[in-house]
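What follows is a single structure, and I will ask about it in a moment.
Note that the chains are named A, B, C and D in the order they appear, and that numbering of residues resets to 1 at the start of each chain.
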Amino acid sequence: MRKTARLLIACPDARGIVAAVASFIADNGGNLLDADQHTDKDHGEFFMRAAIEREGFGLGPETFAAAWEPVARRFGMAWSVFWGLPVKRMGILVGRQSHCLTDLLWRHKSGELDVEIPLIVSNHADLGDLAADAGIAFEVCPVGPDTKPQQEKRVLGLLSDARVDFVVLARYMQILSSEFVSHYPMRIINIHHSFLPAFAGGSPYKQAYDRGVKMIGATSHYVTDDLDAGPIIAQDTVTTSHRDTVDDLIRKGRDLERIVLARAVHLHVDDKILVSQNKTVVFD
Amino acid sequence: MRKTARLLIACPDARGIVAAVASFIADNGGNLLDADQHTDKDHGEFFMRAAIEREGFGLGPETFAAAWEPVARRFGMAWSVFWGLPVKRMGILVGRQSHCLTDLLWRHKSGELDVEIPLIVSNHADLGDLAADAGIAFEVCPVGPDTKPQQEKRVLGLLSDARVDFVVLARYMQILSSEFVSHYPMRIINIHHSFLPAFAGGSPYKQAYDRGVKMIGATSHYVTDDLDAGPIIAQDTVTTSHRDTVDDLIRKGRDLERIVLARAVHLHVDDKILVSQNKTVVFD
Amino acid sequence: MRKTARLLIACPDARGIVAAVASFIADNGGNLLDADQHTDKDHGEFFMRAAIEREGFGLGPETFAAAWEPVARRFGMAWSVFWGLPVKRMGILVGRQSHCLTDLLWRHKSGELDVEIPLIVSNHADLGDLAADAGIAFEVCPVGPDTKPQQEKRVLGLLSDARVDFVVLARYMQILSSEFVSHYPMRIINIHHSFLPAFAGGSPYKQAYDRGVKMIGATSHYVTDDLDAGPIIAQDTVTTSHRDTVDDLIRKGRDLERIVLARAVHLHVDDKILVSQNKTVVFD
Amino acid sequence: MRKTARLLIACPDARGIVAAVASFIADNGGNLLDADQHTDKDHGEFFMRAAIEREGFGLGPETFAAAWEPVARRFGMAWSVFWGLPVKRMGILVGRQSHCLTDLLWRHKSGELDVEIPLIVSNHADLGDLAADAGIAFEVCPVGPDTKPQQEKRVLGLLSDARVDFVVLARYMQILSSEFVSHYPMRIINIHHSFLPAFAGGSPYKQAYDRGVKMIGATSHYVTDDLDAGPIIAQDTVTTSHRDTVDDLIRKGRDLERIVLARAVHLHVDDKILVSQNKTVVFD
């Protein structure tokens, strides 16, 4: 992936966009490795992701914008380009539960997840050992009844000092304020332990148990001001039965959560997600 | 299945229930083909389903109750027994959509679904040909703004005349009154085209589309007074993406609905469902 | 779909292909609704599917080839274009089992499957009523120990007379000769009732039962000379347990087969499949 | 689980077995928490698993066999009883790949997997750090072209010294000899990275890629003399596409492997598996 530049585009739908983009890349010596597009007909919006081989491509981080600007202007594009290097810096917020953090750290260590992880923050000390084993800085920022604003401020400061590009809530059980979220728009990924919009809010496994559902789910989404209502990135479900206690649902759910969270993190890292109208366009 | 009697039991949890039931069956020359049990620890309730080979079993429809009563009394059991013959009589209510009805009729014709289908009722005439091809009586009972009570009365009369044991709503788009439901408690099976409790009520595919979920679901449940809130029997989900329009969701959902509905009907026909506290115990 | 032309391309990988294709379409007033591409790096092959809105597109069935030829020549393309109208003509071969045929006929009748079905052929008379209900010609061509060549000849004649574009084997239990297959290369779709390559050949459910697998599958594929070894189009699986008899597997499998077959037929009808090196590229 | 005794029974099918077992338990003051049964009609064999609450049960490890023997003799039962304490001792054999080991260690540390892990053995040194972090003994036993018998002997010695009850092959890439397997009959659990019987043997992901399948799978099974042909415990599959390279399949497969392996280990630890005729009866 590191040898690939990725160009993300959103603009009003029009004829000739793909031709213009593909020609621009070809004219600059680039090889178009992959191109995905989507038209949202409800809103007349066009979305595109182009993966360009960097070898042979005549443009780079310094020169791309100026060359590209005429094309972007012609179609009224919102766009971003990612060069793959340096890799993204991922901050992790956790509570007391280890399964999502263990999973992310293993994926990182094994080379599957191509990011830097400069920092893990928690409101509890429990998972410090995991961070230490992985050689990653771990900061405890406890939250008291009256200290939430200060705590968020401190967490934001730590994330900023660590030059974090995006934040993963790996079962962080605190609700983030609008102020906090505004620092990382569509760059905070949460895992909610239900099939949203079913069982939003607290204790979703208990809610699922009480309702007697025959499947449980997990949902990863970008965090917005609306609790558990941000754009959904990935979901999955698993079968349950009347024999499953709440503890069984929690145990089954853990396997689901870490896989659904990892899928969302991968998609974000590979710049495969565009957001529009509180929905994601996922080019996987 | 026809050669098998099925005994369903619910009672307060206690020691020795299985021993008492199994001994009773053995003492009467019965072969216990299958025995499933479940204890709801939250409410101290015990559930059991016993399948007894009829060949060699010394008891039958006329003699069972008297012999069994002492055991039932000892443990305070609510119980029912099903002898497999005559087969259950299934009434079907439909609207305009054919997929669930086509599916049920095919399963019936192929011998997979061991029921009699004496009657199909609809508020529209559209699916009359399907019923005619299958040689099943089809009655149209239209619903107008002010004629709902009369229509329900007429439908109830038709179901009663046809000596229907249970009712399947194969995409019948009318809400049934409490009065109607009370005639078939835990004997009306509905298919709701969402993963309940998400997207209860109308237009669930539109709701799912608007929310941008990455999976859609279908739920079969017993109908109670509470709309889409009765005990869930079966659920399933299928993957979707940003490319799916509402029409695509409807199309994908059709395949899900008919399979989830058929699963619920099979379980009901085979007496594999017990209901307690608005949840099902499904012995599959 | 009918208002959309679809262009399928296979050629040696090179720079500038997408630019050339997209520019060609734009230069001729076409709107590129959808474009999918894939590069097989093992063999240096490039594949593309472009969906072009016909409204406004300056080229049509008569004029496209001449205009397009220079582009095709430049990149050494193998290509085909489908105009959506007239719709494809689908012939169906069946044996005695009704589930796949019932399913295809329902999808056709409901408008989901945009094809003409001029002919159903079987080596048994059993399913004639289904064809009659659907108003489709039904021909019985029995196969005896020595009459296979003649029977195939007759079937080929019927398919040819009915101007069939492609053939669906909806549980047709006869092995087709190379000669037969050669008339419809990559245009005969089979459903095999196992997760290929496991349990190729006869009685796959019995094989699965004997092996004690915990899931069964179904596989749709194009038919080639090699029995059950043609390019796979779609597969799916479902959970089983030690309680499932061979008959249970057959019953569960039927639900799987018809859905996997329908998925393959849809993909073929929408020109979403390219074949290379005995594998499919599926642009879904 | 620790407060529960589990009784596993296999015997020729007969009337009255459940009554005899349940009465025996009740007569000795035991509470039958769960009872599962299965009859293999092909071979006339009956299987049962009974979970008995230890509190109040008048029998224990020293006294059970003598009291039970008459019942067992009456029905010709093969049986075993597990008292939950001390917990089972699980030995792990690994190669170079970390995902299954990481997963098992996390499940152990989190309390989900109720076993002792006295020993991890590998033919490579790579995963020693993981073992060290978990505080578990790690032994390297390299295999050379001529040293396989000696190496197996040494591994057997280590497992024996560690008083291991069963062995998990967490991606151990060596084929075990019949001699080795005979020391742990139906007590060695392997994870094979394909949907067996498809792609048995080496490089299953490469085989799957070459065949162009649309799903890959993973299979956990008991190890027997026949390579990849032992009784299957659990299987699962995941969707793939033409875009997936062999490396993608390997990456997707890792998530599948660890979940399928964990499921099998859980079932074994909870004494929920009986084996007969090279198939498993799984009481889950």
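We adopt the following convention: a residue touches a chain if its C-beta (ideal position, glycine included) is under 8 Å from a C-beta of that chain, and two chains touch if they have at least 3 such contacts.
Values in this document were obtained by computation on a predicted structure and should not be read as measured data.
Between subunit A and subunit D, two chains of identical sequence, the interface residue sets overlap for the most part, with shared numbers making up over half of the total.
When the contact pairs of B-C are matched by residue number against A-D, C-D or A-C, more than half turn up again in A-D. Across A-B and B-D, the chain pair carrying more C-beta contacts is A-B. Among the remaining chains, the Cα-based centre furthest from that of subunit C is the centre of D.
Centres computed as Cα averages put subunit A at a distance of 41 Å from subunit B. The centroid of the Cα atoms in subunit B and the matching centroid in subunit D are 37 Å apart. Residue numbers of subunit C whose C-beta contacts span two or more other chains: none are found. Against subunit D, the residues of subunit A that register as touching in their complex are 98-99, 102, 106, 109-110, 112, 133, 251, 255, 259, 262.
Put simply, subunit D touches subunit C in their complex at residues 38, 40-41, 195-199, 211-215, 217, 231-237, 241-243, 245, 278-282. Contact residues on subunit C toward subunit A in their complex (touch as defined above): 15-16, 18-19, 22-23, 25-27, 29-37, 39, 56, 239.
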